[in-house]
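The next block holds one structure in the form of structure tokens; read it before the comments.
A, B, C and D label the chains in the order they appear, each numbered from 1.
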Amino acid sequence: MQHLVDIVLLGLLMITGFAIVRMRSLLAVTMLTSIYSLFSALLFVVLDAVDVALTEAAIGAGISTILLLATVALTTEYEKVPSHRSLLPLLVVTLTGAALIYGTLDMPHYGDPNAPVHRHVAPDYIEDTPEEIGVPNVVTSVLASYRGYDTLGEVTVIFTAGVGVLALLGVHLRKRTEQPSDYHKLVVLRVIAKLFFPLILLFALYVLFHGDYGPGGGFQAGVIFATGFVLYALTHGLGNAERVIPPALLGILAAAGVLLYSAVGIEGMLLGGKFLEYNVLADDPVSGQHLGILLIETGVGITVAAVILIIYFGFVSRRPGGADAQDPS
Amino acid sequence: MLDILLDILSWILLLGGALFLLTGAIGVLRFPDFYSRLHAVSVCDTLGAGMVLLGLMLQGGLTLVTVKLMLIFYFMVFSGPTAVHALAEAAQVSGLDPVEDDREDG
Amino acid sequence: MSTLLGHYNYWIVIVLMMTGFYTVIARPNLVKKIIGLFIFQTSVFILFISMAKVEGGTAPIIEEGYSLYSNPLPHVLILTAIVVGLATTALGLALVVRIQEAYGTTNEDDIHVQDETD
Amino acid sequence: MLLSNLPALQVVVPLVSAPICLLLRRPGHAWACALTVSWAVLVMAVLLLRQVALEGTVSYPLGAWATPWGIEYRIDMLAALVILVIAIIGAVVMPYARRSVMQELDDEHIGAFYTCYLLCLTGLLGIVVTGDAFNLFVFLEISSLSSYVLISLGRDRRALTAAFQYLVMGTIGATFILIGVGLMYMMTGTLNMADLAQRLPAVDDTRTVRVAFAFVTVGVSIKLALFPLHIWLPNAYIYAPSVVSIFLAATATKVGVYVLLRLFFTVFGVQFSFDDMHVGDIIMWLAIAAVLTGSLVAIFQDNLKRMLAYSSVAQIGYIVLGIALATGAGVSAGIIYLFNHALIKGALFMALGGIMLRLGSVELRDLHGLLRQMPWTVAAIIAGGLSLIGVPLTAGFISKWYLVAAALEGGLWPLAFIVLASSLLTVIYVWRIVEATCFRAAGDERPGVREAPLSMLLPTWLLIALNLYIGVDAEVLTGLADTAAAALVGEALP
């Protein structure tokens, strides 16, 4: 059964992948990319990686698609036929692929419980998490505590992307809070969007604070939080969205999240521990861990949400009435 | 006894839902123009996915899972028609006319 | 036969990776290149998640009644990698938008022609 | 508290200051922030080097988790030396940056510029300090993403395409590294480098580990611009703002070399890398090709930045040549070369930045007779050029001397010959600069062109002075390099 589901999903991924290479309409390719990402999210669920699936669905299928759509709207819709065909890329790809397949031959079998990855390091995470960290979701405990420093690096990466987009595209504050030209036609969408907006934010908070117990955490929450505002900007116009959450504030928030995360790490040092040591944050280690994880996840969420909105505003404010570029009408 | 009955009922719902979803997919492929295809998608999807969710709720019993499924159902009831509405509106605004005679392939 | 059953999914994932890689290096359109990178990276994520799977295991969220869990470490790594991938995609697309504004095209061959005539 | 947390602070201080720098609205404040942090980083780097020299390898568990469960910072002599290189360049380039950046960038971008500079510094330091294979990938991406942004801030529109090309190649490289790390993890179950080194020998006859080795090597080679994967480098250096050219040319590729050393010697071990995989032979040929083509192409360039960029390709070739020998002497020569080349290229690009500020061009034909108007800057270029050639009493001589000695020690006299022959090629392109700036009469008037400001001249000459000092008294450096090399080569031997 497991293999059957795997094969079907992998087959669908292959079909989508080949279609992406072949098709020349970039809009269609964008939608296919989104589908590719959704299929892989499904595959992640089947492979027990629920946290990853949630992230892939939110980031890969959600935000990346929006960015791609915005870019396609600002550039060309059709890809030109290459003027010359060269065999070199095909050769490089074939060689790389052959090398990888050669490498698989000595790999442990798929799902083999005796593979080295399941014997060393990882079992201890599962065994020790309940007593050392005290949260049921092992992914959260590894992400936020055992390998918390990687996560700090990851927040820094997304912060870098935010600064980069800020420098490259800029976020220009709109003086006019103009309404989209076809504002009256969006009544249905606006009503529904207003209905969903608070629920999306609520869901984001649920994902943030429930990350210890189920799939979720700072990243996913940040992305969901940002999509709420993206929905608002789509239906109510960019000007109004920027009145709700001014771009100047976004830069500060993006920095604040990273600072909150590092502050937790430095606090650990000040209290006589190592950098990012949460045990010293409270009287007993486990509540210290809880506090540390909660704080850093919040920091992650703030930065991710702010950066995604910076990126979104950067792309859509690139031409007058930018938000209309992706308006459904 | 009740368990088996619920199980059978939920499977009927699941399979029925799947059937509707499949019908919708065939409709998208076979119908002549954009609007009728949209029609196939929206009607079958709402019903099919609703039935699947209901079937899953019966499987879940009275647990937190069922509550979450109900929330998904609520979300879908609103978002499905809205999305289709937005699509149809976008098509109309960009000047796509419905095909009235199905022999002229749109 | 056991090699086939034990490795078929890795092979498919490698084919997926190579479709992405091919799109990056063979296509002159810059947006398509970014999409290629996205596919390439997403497929590498699948490779990592595949190795985390334990036959008969469940998601690594500790709950009573389960004793066999899949390996959480690759999940953590890939969570990080997905976010890194988003950062790359966003930055790459921002560059594409600026290139479009500066050159009026997103086709690599046209850009080369323009640069040479400068 | 400060001293015991030194390894973490080395990276955390620039990391924390980056968001603070973004919050400072005024360009001047952002610069002051970056300057302070760069100097603090230098102080910490010196302290760290001292600590390593006194106590040996320093290990720091982040989050206090024991290895291999948590992430470890591990600083040996090699790492401490490379950190020192980065820190010196950062500390020297920041006072220089103020004028250059003000002229080359719009005011609204200056805040983002210094933020990205700090992030790039964080990333580079993080790569060197870490003892964890995946953490290396994360910090590699921090440094790469920020350098894409920094390059794209150049005035010319070609800066955008250069940044894009670098982004595509850099991401392919990073993904290759990720695949390699994944395969290594698959066979050993660990990500900690020391733990990997212990567990890899048991599985090093498997095809998976061989492929993992190949993928990480190719990925890192893209990052360090090893021939023929260097095509992103020239454009990236040419169209980037001057300060970025200086910083990246002097540090980014060096960190790439560091990762290569770490990989070959610490993670996989000399025996596997060089005896089983024969990587020494492969990279030796690539390095020779890099040295020859880089030097040859540099001769025919009329744009000085482009000339120096190709010369960088050649110089990376020399460094890799030393590593390819896989002997204590060879690796030590590579490390000395790495250190000196950072100083030389930093100084040369700095002098070019001064010319860019006053002239707005670094085309050879625009520089005719420049010696009269900018004597100190031109003198700096000539001094740097002599060092690049390897004239005695310069740092360049020391590095080439050790390289030739290492080649001869290995009985590879053709290699020594190639090093000497390619130095002649270097003479040719350096002579072209000298001829244009000193012996050609200025074709047209350049009213108002005068010597570069003191804030830029002093850092340039500081690096030149350091160059000359090492040329006279290299004992400290060679001693440290020998220790580092012995540790690398020795610890892998049974």
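In the analysis below, contacts are C-beta pairs under 8 Å (C-beta built on N, C-alpha and C of every residue); 3 or more make two chains touch, one makes a residue touch a chain.
Fair warning: this is a prediction, and the values are worked out from it, not measured in the lab.
*Asks:* Please identify which chain has its centre, taken as the mean of its CA atoms, farthest from the centre of chain A.
*Replies:* Between chain A and the rest, the longest centre separation is with D.
*Asks:* Of the chain pairs A-C and C-D, which one is connected by the greater count of C-beta contacts?
*Replies:* Most contacts of the two pairs: A-C.
*Asks:* Express in whole angstrom the distance between the two chain centres, defined as the mean CA positions of chain A and chain C.
*Replies:* Comparing mean C-alpha positions, chain C is 13 Å from chain A.
*Asks:* So what's the Cα centroid distance for chain A and chain B, whole Å?
*Replies:* 28
*Asks:* From the C-alpha centre of chain B to that of chain D, how far is it in Å?
*Replies:* 58
*Asks:* Residues of chain B that contact two or more other chains, please.
*Replies:* Answer for chain B, listing residues that touch two or more other chains: there are none.
*Asks:* Check each residue of chain A and list the ones that touch at least two other chains.
*Replies:* As it turns out, chain A has residues touching two or more other chains at 100, 104-105, 107-108, 115, 117-118, 121-122, 125, 147, 150, 153-154, 157, 160-161, 164, 168.
*Asks:* Where in chain D do residues touch at least two different other chains?
*Replies:* 134, 138, 141, 145, 148-149, 152, 179, 185-186, 191
*Asks:* If I apply the definition of touch given earlier, which pairs of chains qualify?
*Replies:* Contacting pairs: A-B, A-C, A-D, C-D.
*Asks:* Which chain D residues qualify as touching chain A in the complex?
*Replies:* Where chain D meets chain A, its residues are 1, 5, 8-9, 12, 15-16, 18-20, 22-23, 60-65, 68-71, 108-109, 112-113, 115-116, 119, 122, 126, 134-135, 138-139, 141-142, 145-146, 148-149, 152-153, 179, 183, 185-191, 199, 203, 206-212, 214-215.
*Asks:* Give every residue of chain A touching chain B within the complex, in rising order.
*Replies:* Residues 182, 185, 188-189, 192, 195-196, 199, 328-329.
*Asks:* What part of chain D is in contact with chain C in the complex they form?
*Replies:* Against chain C, the touching part of chain D is residues 134, 137-138, 141, 145, 148-149, 152, 157-158, 160-161, 163-164, 167-168, 171-172, 175, 178-179, 182, 185-186, 191.
*Asks:* Going by the contact rule at the top, pick out the chain C residues touching chain D in the complex.
*Replies:* Per the touch definition, chain C meets chain D at residues 17, 21, 24-25, 30, 33, 37, 40-41, 44, 47-48, 51, 73-74, 77, 80-81, 84, 87-88, 91-92, 95-96, 98-99, 102-103, 111, 115.
*Asks:* Hey, which residues of chain B end up touching chain A in the complex?
*Replies:* 75, 78-79, 82, 85-87, 89-90, 93
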